[in-house]
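Each of the next two complexes has chain A plus one other chain: chain B in the first, chain C in the second.
Our next item is the complex of A and B:
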């Protein structure tokens, strides 16, 4: 009974609090980013104001098909996050994340814009790049902590960080890729026509963009949750360290975004797969030998 | 027992009837009747034998083995004739050697070996029986209308439809036999029948390309037949048995020793299941007819190879070389085929690569040899068969009606399906089902994933993870493009008669997705209890959860197109840059990439096979040295 109550409470807490935490973090990130560029930057509440403004935009046209699929994307992102914080199996969370991304790609295709199609292709490349590493991560946790359930890993007896350090490094890379920031925001390889950072959202407008922004906040918190997982060892110290590292990682990502230019998709895939192959596989092999 | 026998004999009779049937409507009627009758008989078999789990039958007639060898010889003679007629010499040579060896063996030794049970039926067989009847029937229904249009479009090709469908039913009969025969000699016969029927189907068009593909298939599979013969001979000569269940029993006791003949049988299975490097004929894709490929990949050939591997799975595993070979070849196939599919925009390539990749996954599961892995493999087999049949049917229909189609199969998904929203929706359903089936196997099967990792076979695990990444790419891209074409307005209604069987296949796919947790709980798990002696109970919960997820995914993705489609609207397409030219994949020289990937994959596979064979020889020498 207590278990179920705990699960429900964590799930609801995530559902309600994550957007606020995510939005706040985004705002702070933007502030930090501006600070790096020696500018003043918008206030930390700006993301919330942006979303509010986007939601106010009404469209007189019919309902577009891509809006429906973006809603599906948001739904699966939230499901992934809720599942994670409710302590479910890591693989289920990964599957939900992948399904969410698939819906995003489908939405981009259905928006019938050439730029969106190209953006969708890049998004697919991103998915192809991060998928192996994320599966390695699940396998690593399974081997070290004996289970892939988040609730089991959270109460594990020792910090998984050191034994899984290769996988952690790989995960940081994946996080940068997944959040679509430099150097992985994927410009066209040889076309000087300019960047296609958010090509997928080319045809989206108003409420749909607002929904996507909120989904991104949920996803940020989920990703930081993964980082947290690497440090949880059942004690309060583990939780504290985990939370601190997670926030540091977020700002590290913003910092990297500021410092780097975009790269070609071949580079992204190669580096992601290369890291997965070298760091991830080596880590798993070492774990196998150790355990 | 009568029902079981009739399930094999009945399609043979139907095949003979079909040989002489000329009219389209008559043929349709005959095939529909046959399919319904066979499904009913399979269900009757389920009702009779499911509760008891396994049942063995004697079915002894002294002369049956001679009849079997006789038929095998006749088929071999036909193959030799065909080979010589087209000036290919490897195939006739292989055919001659196998059948001669088996005939000699049977005449000299065969009578000495006591075969207790010639037939058996267990839950796995029964599930497959129903599956073959229904899927085979639906594909034939689709095929009939397809071939009608096909011959209208290409009047220069010889109309041998009666042979085409008769051969399909011979193949179905052989598959039925494969799942109920316990006597390995008989299994060899149905093996040969499956190879011959597939050969005829692939080469049906009679063009140079078709014949090239057909002989490629034939030569490799006859080589596999040599391996199968070797395995049977070793089992008969050294172990003194020709029965499959006895092999399994010995296997549970003396794993290492049985691995020696097992590796040969498994090799034959790998070749039949289109693993890399044996799948060149499919991936090159020349002049096929869509129903032919549907039959080969979803009902007979590929399923036959995979069935043998899954059946032998308890004997395989991470400890012995046969298992390791199977795992590695399966994993490499999955990775290589998925990578090729990523970079080839043609619809036909995507579909054939996904078939090879899925087969690789199932084979890898069989190689792992644990109960959960085999469970995953069986379910993937069923789901793949049905969704792939649907995909092939939709794509085939779209291709046939397309003006640009000239048999060379190089249209992209977008080109193929533009203006055919209903067909796109069908293909989308199939692709989504296939996507979910693959990822169900990889991701949701918590047990199998952690087993893959903990087995220490990091290479296999890495291959599967990277392959998963590639698979996501091409499947999601497919789904995206199909959703777009499904939402576009209808330009060309096409022949409605062809879309009816496709819709039936959609119904079957959705039905299977809903029902597969039940199949797993009541069919697969109990089978595994008997085959492996105990399965963890966690499987059931996973399956129910997975079933729910599959349905949710399907409904969300495709449900839009089956109901209130009018609610949603597509934005105006942007002007300007042509979509295809900007396709990201044109940045890579895809032909060279494909060749390189297949080459590397083939080399790695071959290395795995050779190393395993080396281990086998080593074990053999050790055993013989120890005995002597």
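Our next item is the complex of A and C:
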């Protein structure tokens, strides 16, 4: 009964608090990014104002076909995050994330924009790039912690960070790929000072774009949750270290976004698969030998 | 004031011409002026934009593209003509193919004068383009010195005519 209550409370807390935390982090990231460019930058609350502004926009057509696929994308993003914070199986979370991305790709393909079709092509390549490392991460947690359930990993007796350090390094790389920022911003760029042609969101406007922005906030918190998982050892200190490292990783991602140009899709796939092969597979082999 | 008016995303259409005003718009995003601190973002997608910022000359060749961009923007939207060329054709007024002012093609909401318009006034224009005319202050009547001079000339006594001079003699 208590377990069920904890699951429900965690799920509801994520559902309500994640967009605020994600939006605030996005605003702080933009402020940090502006500071790196010697600008003052917009307010930290600017992402919320942008979403409110987008919700005020109206177009002649009430609904486009891609609006429904974007709703499915938002739904699966939220499902992935709720499942993670409720302590579900890591594989289920990863599959929900992949399903969300698939719906986003379909939404871009059914629109009438050539840029959106190109963005969808690049989005598929991006998924192809990060998929192996994400699966290695799930396998690594399973081998070290003995379970793929997030609730079992979080109450584990020791920090998985050092035994899974290769997988952690690989995850940092694919986090940049997953968040669609430089140098891996193939299909979409959320940086206002960066690319202006948005790729997959080319045909989205108004409430659809606002929903996508909110879904990105949910995804940001979920991805930082993965980073947190590497440092959780059932103690409060593990949670504190995990939270601090997660926030530092976010700002490191913003810093890298400002320092690098965009790369070609061939380079992205090569580097992601190479990292998975070298760091991920080697880490799993070492775990197999040790355990 | 709605959130669209406070945080406009702009679509910059740089027509033909010297691109001076286009470069001033670019300068608005530099660290010196930093228009992004007001929540303004630049986008190349009309579906994401709130304000269509027109610089340079509108010609017969690019007027259809301009109209197409405007029609793809979602409501509420505004059009700002920046610089003398976009406002009235500027020094190219009367040249072949030049449409004298963007308001001949689209409903312009705000005109930003200048050749080239300064970044400060461009930023002011972007932030005020959604304001209704009745909310703007009444213009102050300014005395016209040329008009006063004309009135003084008209009040002077007329010169003696030749007939009056003959009578006197």
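Structural remarks
Basically, the second predicted complex is superposed on the first by the 279 of 291 C-alpha atoms of A that agree within 3 Å, B and C clash if a C-alpha of one lies under 4 Å from a C-alpha of the other, contacts with A are read in each partner's own complex, and residues count from 1 in each chain.
Keep in mind that, in the parts below, contacts are C-beta pairs under 8 Å (C-beta built on N, C-alpha and C of every residue); 3 or more make two chains touch, one makes a residue touch a chain.
All values reported here derive from a predicted model rather than from experimental measurement.
By the touch criterion defined above, A:285 reaches chain B but does not reach chain C. Touch criterion not met for A:157: it reaches neither chain B nor chain C. Touch criterion met: A:206 reaches chain C, while chain B stays clear of it.
With both structures placed on the common chain, the touch criterion links A:50 to chain C but leaves chain B unconnected. Of the two partner chains, chain C is the only one that A:34 touches; chain B does not reach it.
The partner of chain A that touches more of its residues, comparing chain B with chain C, is B. In the superposed pair of complexes, A:64 makes contact with chain B only, with no contact to chain C. Residues 203 of chain A lie at the contact with chain B in one complex and at the contact with chain C in the other. Chain A makes touch with chain B in their complex at residues 61-66, 68-69, 72, 75, 89, 91-92, 94-95, 98-99, 101-103, 105-106, 108-115, 117-118, 120-122, 124-125, 127-132, 135-136, 138-139, 142-143, 148, 189-190, 203, 265-266, 273, 276-277, 280-281, 284-285, 288.
Chain contact summary for the complex, chain A toward chain C: residues 34, 37-43, 46, 49-50, 52-53, 56-59, 192-193, 196-198, 201-206, 209.
Within the complex formed with chain A, the chain C residues making contact are 2-4, 6-7, 29, 31, 34, 36-39, 41-45, 47-48, 50, 74-76. The touching residues of chain B, when paired with chain A in their complex, are 342, 435, 439, 442-444, 446, 449-450, 452-454, 456, 458, 461-462, 465-466, 468-470, 472-473, 476-477, 479-481, 483-484, 487, 545, 549, 553, 556-557, 560, 567-574, 576-579, 582-585, 587-588.
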